[in-house]
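Down below are the structures I want you to see.
What follows is chain A paired twice: with chain B in the first complex and chain C in the second.
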Partner chain A sequence: MFIHVFIYRFKCLIRDRQMVFWTLLFPLLLATFFYMAFINLNSDETFRPIHAGVISNAAYQQDQSFRSVLTDVSKGEDRLFNLKVASSKEKADQWLKSNRIQGYYFISGKELHLTVKGSGMDQSIMKSFADQYRHDHIAVEDILQTNPLALNHGLMADVSNHQSFVKETSGGSAEPNNILNYFYSLIAMACLYGSFWGMKEIIDIQADLSDRAARINVAPIHKLNAFLAGSCAALVILFTEILILLAYLHFGLKINFGNRAGYVLLTAFIGSVLGLSFGAFVSAAVKKGEGVKTAILMAVSMGGSFLSGMMVMNMKYLVAEYVPLLAWINPVNLLTDAFYSLYYYDSLQRYALNMGMMCAFIVLFCAGTYQIVRRWNYASL
Partner chain B sequence: MIIQVKNLVKRYGDLVALDHLSFNVKEGEIVGLLGPNGSGKSTAIHCILSLLKYDKGDIEIFGKKMTPDAYDVKRDIGLVMQNVAVFDELTVYENINYFCGLYVRDRAERKRLVDEAIAFVELEAFKKFYPKKLSGGLLRRLNIACGIAHKPKLIILDEPTVAVDPQSRNKILEGIEHLNAQGATIVYTSHYMEEVEQICSRIVIIDKGRVIASGTKEELKAMITLGEKITVEVFTIEEDQLRVLREQPGIMSVDYVSKQLIIKSDKGNNNLEIVLEFLKANHIGFGRIYSELPTLNDVFLEITGKQLRD
Partner chain C sequence: MPVFNLCLKIIRKNWISISIYLAIFLVISVLLSTNSAPKETHNFSQEKAKLVFISKDHTPLTEGFRKELAKSATFVKIPDNTEKLQDALFFRQATYILRIPKGFTENVLNGGSMQLEKTIVPNSAENAYVDLSVNQYWRLAKLYAKHEPQLSEKQLADKLSANFSHNTPIEMKAQIRAKTDQGFSMYYFNFLAYTLSAVLILGISTVMIVFNKNDLRRRNFCSPVHASSINSQMILANLLFAAISWVILVGFCFIFDSKNIMTPNMIYFLLNSAVFTLCISCISYLIGNLLGNLRNMSAVCNVVTLGPCFISGVFVPQQFLGETILKIARFTPTYWYVQANDEISQLTRFTWTDLSPVFYNIAVLIGFSLAFLALSLVVGKRKRLTDR
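Right after this comes the complex of A and B.
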């Protein structure tokens, strides 16, 4: 009986094209896009300084702090800007027009202004530099008003240390292991997308969720057995999908997972179980329609991926620093971090901690699902 | 006794869906549960099968108390649900095979049963089709095949003909009689009185979760006072004449609408004669004339004061 249900559940799941798309093809496509994006960024080996201009008017000469910050980030090997100082606005406009600079800053009154041509990575970096400066500048003024002595304690040095920040958000200077994190969280996202398989299993076993399930419920079989058989089929499919994704990343895109293949596979397996049990638990516990269930699973998978740095690398650090609890309960982050620490640290301590948290989640989800699925009859269909 | 339901009460919040419902089904019967939409037929079926929790009552099937884990009871029951319940990802053959496999382990035996079920619902040409590709009528037939392939002793069909074309409907009804002839006991729910009248050996009429009458169709019709409905095409008739006609012996009611004189009479033998003589005596010209026996709708109407179908 177990085998019978397993085989037929397997057929049902594998033939669900929409699900196969979201759980297999979508991550593969995303991986390819990531790869292409990073290949382009990496083609220049290192970060290329941006040709930026500044208008040297009276206000600029007076604004010592801006001047020093700007010249600071425009010198040295890994400088942010190739700074060109224009004597007038006309001059700067002329440079801009002839593409000799990407944009220019100018000070009027106490305000910092930025003019750029077109849009692109360089322009956004220039803008985020300006934003950051304005932001810090206000902060500095505030601090100086309340605590004038701060200046003596290296405040300016702190504030002018923009370079690394701006360059990192750009993604352009990302070190190889930073790029890895994008792929790690992509794998984690794929595992969490496996929650849709869990949802399908629940819908097809709970008679109050589908009529098909009612048929199973009136048959002379043990409901939990049938559910277990179906879940095994779902796990086999999900784990295979994750293996395909890993193989594509490793052999196709040459993404480095370090030398711990066994641990990587173990992590992928635990990740699959986590995704599946999460989907099953949410679908069983949330007494709403399929649309709501899907929305929740989607929000957690995508939101979790975002917070673990799949779109913006810095997110992961920001969360870890300011909302550490969120990092510890975000299943996507646990998975990402497990992969990351496998690659990055020799000690397995942090890896073990992540795996432990995931296992705790799995136990929680499975126990919750069991409590709901083991009930035989329903208050309403 | 195949099914015995005693004082079944089921509430959905404040709504009492089943109100001390009692009925039973004997071996070899085709019992029809007849009632308008929302009268509680599906709810009753789901309670009987232990799909739904109920507030009160006793349910026995094959003489045993029905519980969710009564596998030996469940093994001999086949259910055809009101909504088509099949897997879109499985073909016609696979669907039937899957459900049959939940009852029958032996593969050779199962293959034989599945082929038989497919032949029974005449879906041989569609074995490899996915449900999405089937028309409504064929889908209904697949739904039935999934419920009966394992040759159950008791088959419960919940409105299996809803939204089905007349041809498929007749096929389905014939099929049910055929299953019954082969020895299966049948419970059939419907809000179509014609169907129930056509195939059921006994009828339980349900309204608002209560049994309001039960018996063979003859018994049910004998229960009410209406004996005959006479319709006469009459071109003109005076108010006075209508009043006199109403006072004739055996006549229960007289209505005159759009040139049709509709006369309801009691169970006397010569009602038609009385009407004809009255028309002739009063020199009232008339055209076509016909007489009908009461239907289950009349039974329902007389007991509840409303039409079976809204």
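Right after this comes the complex of A and C.
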């Protein structure tokens, strides 16, 4: 009997094209849009060699050391500048105006000047570079004043020695690619959209909510059995949808989930159960019509997605920082954070916390639904 | 005018879903207006990287170093905990985490090869920027220590601080800027595209779908009202709805950004958005003719509004979008609308040569409107002919 109900519920659910759109096609479409819009979002924080100019006047030609430093940093793979040498000030001004260079250096007298059009990271780097040259000069003069013999002890060699005083240590094995959070919260939203399947299950099993439910209630099958069979059908559909979404994200859009595929699938499964049980619980607890139930589910999943950074990325961080409680009771955030910790952290501690919290929610929702749904008799409908 | 009144009644019934979009729009506008504080553009200001400074070595030099670093970085206070630091890096609350190991100063001054540790957002410009300051400080410290070994650490720090107080003179080639800051207006009008599309499609298409119901249409055909009268009343009601929506949405701009109302740029923003409203009305008319029932309404509405907005630069500015995506986006009117807004926000002079790119974009929008209108008339006609 269980199998029978399961099969027919499955057919019944899968033919609801609207539901399939919202729980499968809509997340797929949104993922595509996200991909198209966000994939270049970090390009402005990436460092690219700065287009810098220098005016080649007599003073510049004489200043051997500045020339060599400047050409030095404009060479090679990790160069600082793409250097353009201008023959006159007018030429450089013209380049500056047409945005071909971000700024230009020129030497007048003994002083190095910088001309820019606005403030920005490129211009600040140009200024830092010029400052560096100036500070080197002052330091050399300074030292020679108190210790004129320094020249014989390799002072000039030491000045031009550009060793690095800082080395990179990575925080973890994964890159801090913040675009990923959009996709993680999208998966979480898709799981929570699964709550509509849960709602459908309740509407079709509670005799006071729909005609179909009234019919099922007079059938000679235990209500819990019918409900479980239906829920299993819904879960199979939802989990398959989430798997399709994950496959599309991973293989189609090349979204990185870290190296722990098994855990990612487990998270997707728990997320599906969470979405389903949440929908069932809300529609059992709220005694109003379908419109109100839908509105509540929609508000929770969209509001939750917003708070976990689906629309504004920093929102997730702000909530975790200033209202940590909200982060822990927001099911969308728990799921997003589970994917995030799987990708980003080497330890599984935070992941386990998120999963534990989700399981607690599932137990709460299932127990609540069970308490509300069981043992209803109707004198008339 | 019974048809006209009925149209308005249908739209009024729909006000809850429409007002949700309005509410979202209002919230975003408020956020935008609080974020767009005018920037000082006449003096050069040095950029500052967000840096977490963790020092296990406390010497006069590290203290001096911290002070120098403050010129190119703002210090973010985050507890020294791996996960917290990783979180901050991921969400860009900090882009550079610098750790000074114990005994670093002594080691460097004695010519050792100990290094500071940094955790960064890979390949970022801020990384290159901070690296310059970090290396410069310790390079000179080492230089002084080697050639003036008699200096104490305190004296060394003072010497460095005196040296670093010299700055490169910077000349700003003042740009000719718009009379007022048009940044807010641009974002506002760009975002308007999303809300306007959603509201108009919801409102107008719903009316069309209701009127296109078979029974209702047949009933209307046998009424003593002329078909052209029914149509013109319907179009009038839809246009009225579009006009009201436009006035309300544009009206909020005047409240949030009252100081920019009188700029000449605003006239072109208004013109552009009015043409866009017309264009979206035509699209809604088409959708109304194509869609058979109301159940699919919100799905279609979401896809048709969200899609173009994502790829045309409404949510993410166009300069961050890829070439290919922008090429695809050219097939949507939203792209041209956003283009025109970008052009308008940069206008400082209003001669024909300055304005021609704006008018070009607006002309494309009008072209789109005509195309959609023609298409929906054809679709409508076909529907009437095939339905016997």
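What to note about this one:
The rule is simple: the second predicted complex is superposed on the first by the 242 of 381 C-alpha atoms of A that agree within 3 Å, B and C clash if a C-alpha of one lies under 4 Å from a C-alpha of the other, contacts with A are read in each partner's own complex, and residues count from 1 in each chain.
One rule holds in what follows: a contact is a pair of C-beta atoms (placed from the backbone, for glycine too) under 8 Å apart; a residue touches a chain by one contact, two chains touch by 3 or more.
Bear in mind the structure is a predicted one, so any value in this text is a computation, not a measurement.
In the superposition on chain A, A:His113 contacts chain C only, with no contact to chain B. Once the two complexes are laid over each other on the shared chain, residue contacts for A:Asn147 go to chain C alone; chain B is not touched.
Of the two partners, chain B and chain C, it is C that touches more residues of chain A.
When the two structures are aligned on the shared chain, A:Met1 is found in touch with chain B, with no touch to chain C. When the two structures are aligned on the shared chain, A:Arg15 is found in touch with chain B, with no touch to chain C. Looking at the shared chain after the overlay, A:Ala234 reaches neither chain B nor chain C.
In the overlay built on the shared chain, the residue A:Asp131 is in contact with chain C alone; chain B does not reach it.
The intersection of chain A residues touching chain B with those touching chain C, taken from the two complexes, is empty. Considering their complex, residues 18, 21-22, 26, 29-30, 33-34, 36-41, 43-48, 80, 93, 96-97, 111-125, 127-132, 134-136, 138-139, 142-143, 146-147, 150, 153, 155, 158-159, 161-172, 175-178, 181, 313-314, 316-317, 320, 340, 344-345, 350 of chain A touch chain C. Of all the residues in chain B, the ones that touch chain A in their complex are 12, 46, 49-53, 68-69, 71-72, 74-75, 77, 79, 81, 83-87, 89-90, 94, 98-99, 101-103, 105, 146-147. Across the complex, chain A meets chain B through its residues 1, 4-5, 8, 11-13, 15-16, 204, 207, 210-212, 214-222, 376-381. Touching chain A in their complex are the following residues of chain C: 41, 44-47, 72, 82-83, 85-93, 95, 97-99, 108, 115-129, 131-136, 138-140, 142-144, 146-148, 159, 163-164, 166-173, 175, 295-296, 299, 302-303, 306-307, 310-311, 315-316, 320-322, 325.
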